[in-house]
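There's a structure below that I have some questions on.
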Amino acid sequence: MALSPSRIEEVRSSFAAQGLMRHFQASLDEIEEGRSVISIPLSEVVTQQHGFFHGGVVGALADTACGYAALSMVPPGKAGLTAEYKINLISPADGDRLVAVGNVLKPGRMLMVCQGDVFIEKNGQRKKCAVALMTLFVMEGLSSI
Amino acid sequence: MALSPSRIEEVRSSFAAQGLMRHFQASLDEIEEGRSVISIPLSEVVTQQHGFFHGGVVGALADTACGYAALSMVPPGKAGLTAEYKINLISPADGDRLVAVGNVLKPGRMLMVCQGDVFIEKNGQRKKCAVALMTLFVMEGLSSI
Amino acid sequence: MALSPSRIEEVRSSFAAQGLMRHFQASLDEIEEGRSVISIPLSEVVTQQHGFFHGGVVGALADTACGYAALSMVPPGKAGLTAEYKINLISPADGDRLVAVGNVLKPGRMLMVCQGDVFIEKNGQRKKCAVALMTLFVMEGLSSI
Amino acid sequence: MALSPSRIEEVRSSFAAQGLMRHFQASLDEIEEGRSVISIPLSEVVTQQHGFFHGGVVGALADTACGYAALSMVPPGKAGLTAEYKINLISPADGDRLVAVGNVLKPGRMLMVCQGDVFIEKNGQRKKCAVALMTLFVMEGLSSI
């Protein structure tokens, strides 16, 4: 379902305020209720020792895509905080673009559980390279942590 | 146990070749058999929307510290690959330096299991902010993935 | 894809040899290449303190379903061993039958990554109650652990 | 820190009400603030196909030990619910008794994060066989899920 313009603005502002995502040259490609897609190009700031995308980057992107998928369903005035995530790296992230898709599996009032699927693109071919599960905690505000 | 000079050199070369760690201004503070410590300063490249360290950065640092702890125990000629990791963020990473300590819990021939503990430092005080478990797969070489 | 009769026999023998599954009155409802379905009825041996299925039972069933999904793809003469699993309990397992579906996400030569989806049935209605990720290690035999 | 007699009684009643633990012949060996120890003997109801403790049993015991460690710190009138757990099986659970130790790493108001360490005993020798991380959600009551 499409989000309201004000909620989209809120999500985009939050995304733009993330130094990490800016540094990664990340783009928020899609955002709708319960789902987001984020991607980043290969660059020297995201590599491990073999020149592939770093496993930590794959995890960070999955976490972020899940976070915004969840944030799209958090009631107005509340905030979301990643409680934990787990990621399995199933193929080397050897390519020129990394794409993370976050989907809310369970939109609870206090806890949201999301699945992240990460794909690596190389020469126009897309392959799944990681899968993640993430738990987000819905808060009254940052002071309630 | 102290590593041999050649193994330390190998670990430091690998670390220096990670674009992600270089751009995070990470330093490999300690490396010995089965243990490594990595830290990064707060900078605009590692933040989330509130100016704290991004949860994805916390995960990436834990993963990397665990990876080098494991790599210190991988037999010569073999390589290590993160199979998966899971991280619980237990306190906001609100501070000026992030420190990840990786320890090998189980140095298996094919699989190594590591624990990562991440600390946030603020005004000279250190507090645990995350705990991680990570599985590394020992390979003949990258072609055996 | 359907399995060969000998492989099905091998999987069923292994399943029948699991004291835990027998005790839980578990049935192996489906087994094909890369997929298995296992279910158990509610009984007093699987409950937590409120009379629902115990979270540990939900995890055990997900782990087992993933394990047999993976085992269906392990080459003859080799064995599989759970390296790790992670499970998110997304709804109370309040019902009369628990059904776990295991699917292989990545059939690697050495590591297999599986997803488990667990459903609770109550009065004929089925609802997803948990989702899991699991890593299985393919071994030459039990002595190679 | 020692718990009050009424809180100990509450924890023991809850434990005794778990059909799963009763049928595993589990004993609650220790309970204090933020820590619990639970153990079970080898029996035909807890085995996998090789006669070792089933990986699902190892996970269930870790989850339960963590759950009671957390419950010891939940304020009166509130309840706790496992949100998720992850377990790494680091050695075969080949022995005659399985012992799980749960410790609260972070006693939050809404979320508690616990570590579980599981040991296998064989002929009087104790060896760590698994390590787990678990997140518990603190609720007003079961209706608030």
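Letters are used for the chains, namely A, B, C and D, taken in the order the chains are written, and counting of residues starts over at 1 for each.
Simple rule for what comes next: contacts are C-beta pairs under 8 Å (C-beta built on N, C-alpha and C of every residue); 3 or more make two chains touch, one makes a residue touch a chain.
Values in this document were obtained by computation on a predicted structure and should not be read as measured data.
J.: If you tally the C-beta contacts, which comes out ahead, A-D or C-D?
T.: Most C-beta pairs in contact, of the two: C-D.
J.: Considering only mean CA positions as chain centres, point out the chain farthest from chain D.
T.: Between chain D and the rest, the longest centre separation is with A.
J.: Distance between chain C and chain D based on Cα centroids, please, to the nearest Å.
T.: 21
J.: Could you give the separation in Å between the centres of chain B and chain D, each centre being the mean of its C-alpha atoms?
T.: Using C-alpha averages as centres, the distance is 29 Å.
J.: For chain A and chain D, what's the span in angstrom between their mean Cα positions?
T.: 32
J.: Among the residues of chain B, which ones contact at least 2 other chains?
T.: Residue numbers touching two or more other chains: 83-84, 86, 88, 91, 108, 113, 133, 135, 145.
J.: In the complex formed with chain D, which residues of chain A make contact?
T.: Interface residues on the chain A side: 83-84, 86, 108-111, 113, 133, 135, 137, 144-145.
J.: Going by the contact rule at the top, pick out the chain D residues touching chain B in the complex.
T.: So the residues of chain D touching chain B come out as 86, 88, 90-91, 105-106, 108, 113, 115, 128, 131, 133, 135.
J.: Quick check on the complex: what are the chain C residues that touch chain D?
T.: 14-15, 17-20, 22-23, 43-50, 54-57, 59-61, 63-64, 67, 81-89, 91-92, 142, 145
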